[in-house]
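Order of writing sets the labels: A, B, C and D. Residues in every chain begin at 1.
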């Protein structure tokens, strides 16, 4: 399986973890989901992220999930695996396991104990050392990690840690951060790495405009990310915005913490991708009022997509 | 000036603080801004909030601003004044001053030191005691205050503190909180207070659907909030969503922290409401790329509003 | 191996994780350490806590460590194992494994995402359900977990979850919390559970005075905790304070975050308990100035202990 | 009144705010307190700090308090005034007022919104610009402000902002920070500023050993800080530790958040310094069990001081 490189572009989908009604991991749904994402135009997949339901899995289940996803993805989709952990030894343990399975790379968010510029830099320097040749994604998500990383710190890491090949950008607001990083690499001051954007895709067109290479997020309509990214790559920013705007009301609704994941799984189940939208306990469930909200948004989205011919 | 009551409905605009190029408070812009909001259909105004530029004002400037806004608003718009403070004595001092000027009520966010249910309840009980007969708004904004208030704690406060007449709702996600509070008052278990919603208006149609009475937020197009609220009050939810969707791309952009306020003032200045969009130092400024983003969103918004005939 | 019960008393030592110079877990030191704690008068041991170096262990190393400690402790010392995890499934997985080895019970700290009273209560109710018959310790450590638990919430948990048999008390300040819990059980309103105190033992005499049953902490002189607890149990509070005061300067120094653990291991190595004081990377190391501080405190402590005949 | 300089040494006492039984500021107690601190050997006073009861004062009361303290202190004690504020304009407003009264300088803690090195640096650069020629103290208290400032950031500020003349050191653990700053100024790389230590004095002997110039804290026995600092200045570290150890059990008890301030005022009232130990609402009160703890510690402290002839 080819490794993740700094040339990565397109849409890496953050996959959900499908469970059956009995709470067990639903392997058949995993296969269907991987196929669905591939057919929708995804470029890659990301699994075992911090905000999904990966923390609810046992170690054995996590391995089984990763194995299944990687096997099904095959040559079609490189798979990035979240390996953030409080210590380097368990991080390396999981990394070794998933790279053996055929993963393309791993993703590491900073622990919340980091504060100063040097602390952040030193952490990623030691991550690079611990993971050896494995390419990794720096996940920059201050809202959740509570760690703010200045652009110049990212540049120091990029300069000194060659295996850092991608930024998962979800600082918020973060458009100026993309601009700063691209200005630096355009001037040849730092290596140009891949920047894929998260935050549920809520700023994707503007992020593409600043020089992002695509998206890494899990909105239940990958068609949105695929459409926005490809139209931007073709140079049609207005068309990218048209597509984005059609999906935005639902994308916004899905971005609510907790309930958002239930919404995402509800839609994926309704679309036939996974067998059921249930979250493993403890997890939020949609109320009838939530479902009514989502259904209204879906109906309106359908109409709007037809109006714009998408 | 009539006092704020639990029957309040409609749109209370969070006003910006206009400064001149020299950094001084721009009194002429204040007058124009108050007139603009009144003509746009606002029901009331809110000033000296925590997230605006009020903390950058001297005490004297804050009083002058409040005086000017209240005077200009006259009978047209009741004015709510943010009086959150670490101690009850300075809170009462400012409250007394603005109520003397003719304010309709005050707004109080919880200090970040509160954690347990009883701590939150006791705090608002002592606020009610300290403010005497002055009606107040409970500002529920966990993302910023770091204090999560369960619906049943709000219900306890509503039950025991009769001067708590309004909830400024900006928990996130928070739709289920509105549902819970309305279920409780519908059953007669608690007094029904006014619920006005914040969060930049990003969930306004759904919030109206759950029983909110309107909005209290500062998006640069008050037409959005006024339109959504009035269409919902007329029973036309789809039309409310149409209006909402047209403004959503810009509303989302304006919701970015820091840069969002600069965006709001840029648009208000462009619309001729305030003389200049400058923030007092220290404050973010829009980059040329930010301005280009906003201009594109404005042009697209204009087109979309024409398409839907709004 | 007998299970942990609500009658537990005495001193449970938080064990360090000994590493060799090569960074591997040092099994021989584990044996020596368990013997040392038993001979020093400890009542039990606690391992795999959140603040030690357990997060730096691989899953395999964690199991090996637990196995080794439990085996060496044998009948002498019941072992409590920290199993806090973001999800219930991995928590149960580790719990099952260590209970099979012969652990006496497990310890669970709340995830930082909990805020309201009901959220905390519901979390521990679901922990109780997930762990089945396994007795567990509620770790109440707001400084680190960022979750404040009101006494009445602990009482609700104690009332409804019979397998919650112990409180690891390290709220700070927390003397009034012990008083409140004991008042409640003295009146027969709630079951009386064991309360063992943490916080490096810095408030141990006062905590015993409020009704605590002992200590659960890892200060490098277990003699301090054993002495204070036993003198209090004999009714000699002044003698308990004499012993406490002699150790307090060092205990205070050891309470510094990060460097404190390096200090603890330095002293344990100097005392011959573990082979070397090294922390696994990433971990703080003592500077020469730090070592000089510790050596001065040790010399002064020695003199003071002789003066008081302890 | 002479201004604060980087040569400041000794003990600046954080003064309490005395209230009468009616809740009003007790001016007579202020005079007595200032005299008491002067006679106890204090070098200066600090008022209107963030953690005391200053936030409970109205603006008028704050001015009156500052005026009274400065007037009573006269030539005996330079007075530093806390002026931390969310905006620069109110900070300058209060600064101007207190400098006019005769204060020696002001103290500024960082707002919690700062994260990266540059954000912290830029903040203090703009503080220096806003305050003009007024000398200020950089308050470095991460536990409360949530802002961690690396030594090299302090060095940048010291290099570029000449009016930054003192560090109020209360990072924790922070001994290595003092060592780093002193190494830098010893090598002539940065200006040597005054370092006075806070944290209730709990690490004062070690801090003096690393090169601190004294203490800025409010423990109810200023004799402790005065004794430790003067013995260290005389070169008798062991005697400094003897004095420190005698007071440590009480100093530790007083360091509890909330209840600690009530303890401090209780002792000051008992010593006849202030009329009553009451805190203004909302504020913690000592329970009978707390009072019993404090009385025991006072009796033991008295005995120990006699034993060591202090």
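Definition applied: a contact is a pair of C-beta atoms (placed from the backbone, for glycine too) under 8 Å apart; a residue touches a chain by one contact, two chains touch by 3 or more.
None of these values were measured; they are calculated from a predicted model.
Undergrad: Considering only mean CA positions as chain centres, point out the chain farthest from subunit B.
TA: Greatest centre separation from subunit B goes to chain C.
Undergrad: Let me have the rounded angstrom distance from the C-alpha centre of subunit A over to the C-alpha centre of subunit B, please.
TA: Roughly 33 Å, centre to centre.
Undergrad: Once you find the CA centre of subunit A and the CA centre of subunit D, what distance in Å lies between them?
TA: Distance between chain centres, rounded to whole Å: 47 Å.
Undergrad: Return the residues of subunit D touching two or more other chains; collapse runs of consecutive numbers into ranges.
TA: none
Undergrad: Looking only at which chains touch which, which shape fits best: line, ring, star, complete or other?
TA: Topology of the interface graph: complete, with all chain pairs in contact.
Undergrad: Over in the complex, which subunit C residues touch subunit B? Could you list them?
TA: Listed in rising order, the residues of subunit C that touch subunit B are 115-119, 142, 147-150, 152-153.
Undergrad: Which stretch or stretches of subunit B touch subunit D in the complex?
TA: Residues 53, 55-61, 85-90, 92-93, 122-123, 126, 280-282 of subunit B touch subunit D in their complex.
Undergrad: Considering the complex alone, what residue numbers of subunit A touch subunit B?
TA: 172-173, 175-176, 179, 202-203, 206, 209-210, 237-238, 241, 244-245, 248-249, 252-253, 256-260, 287, 289-290, 293, 296, 300, 304
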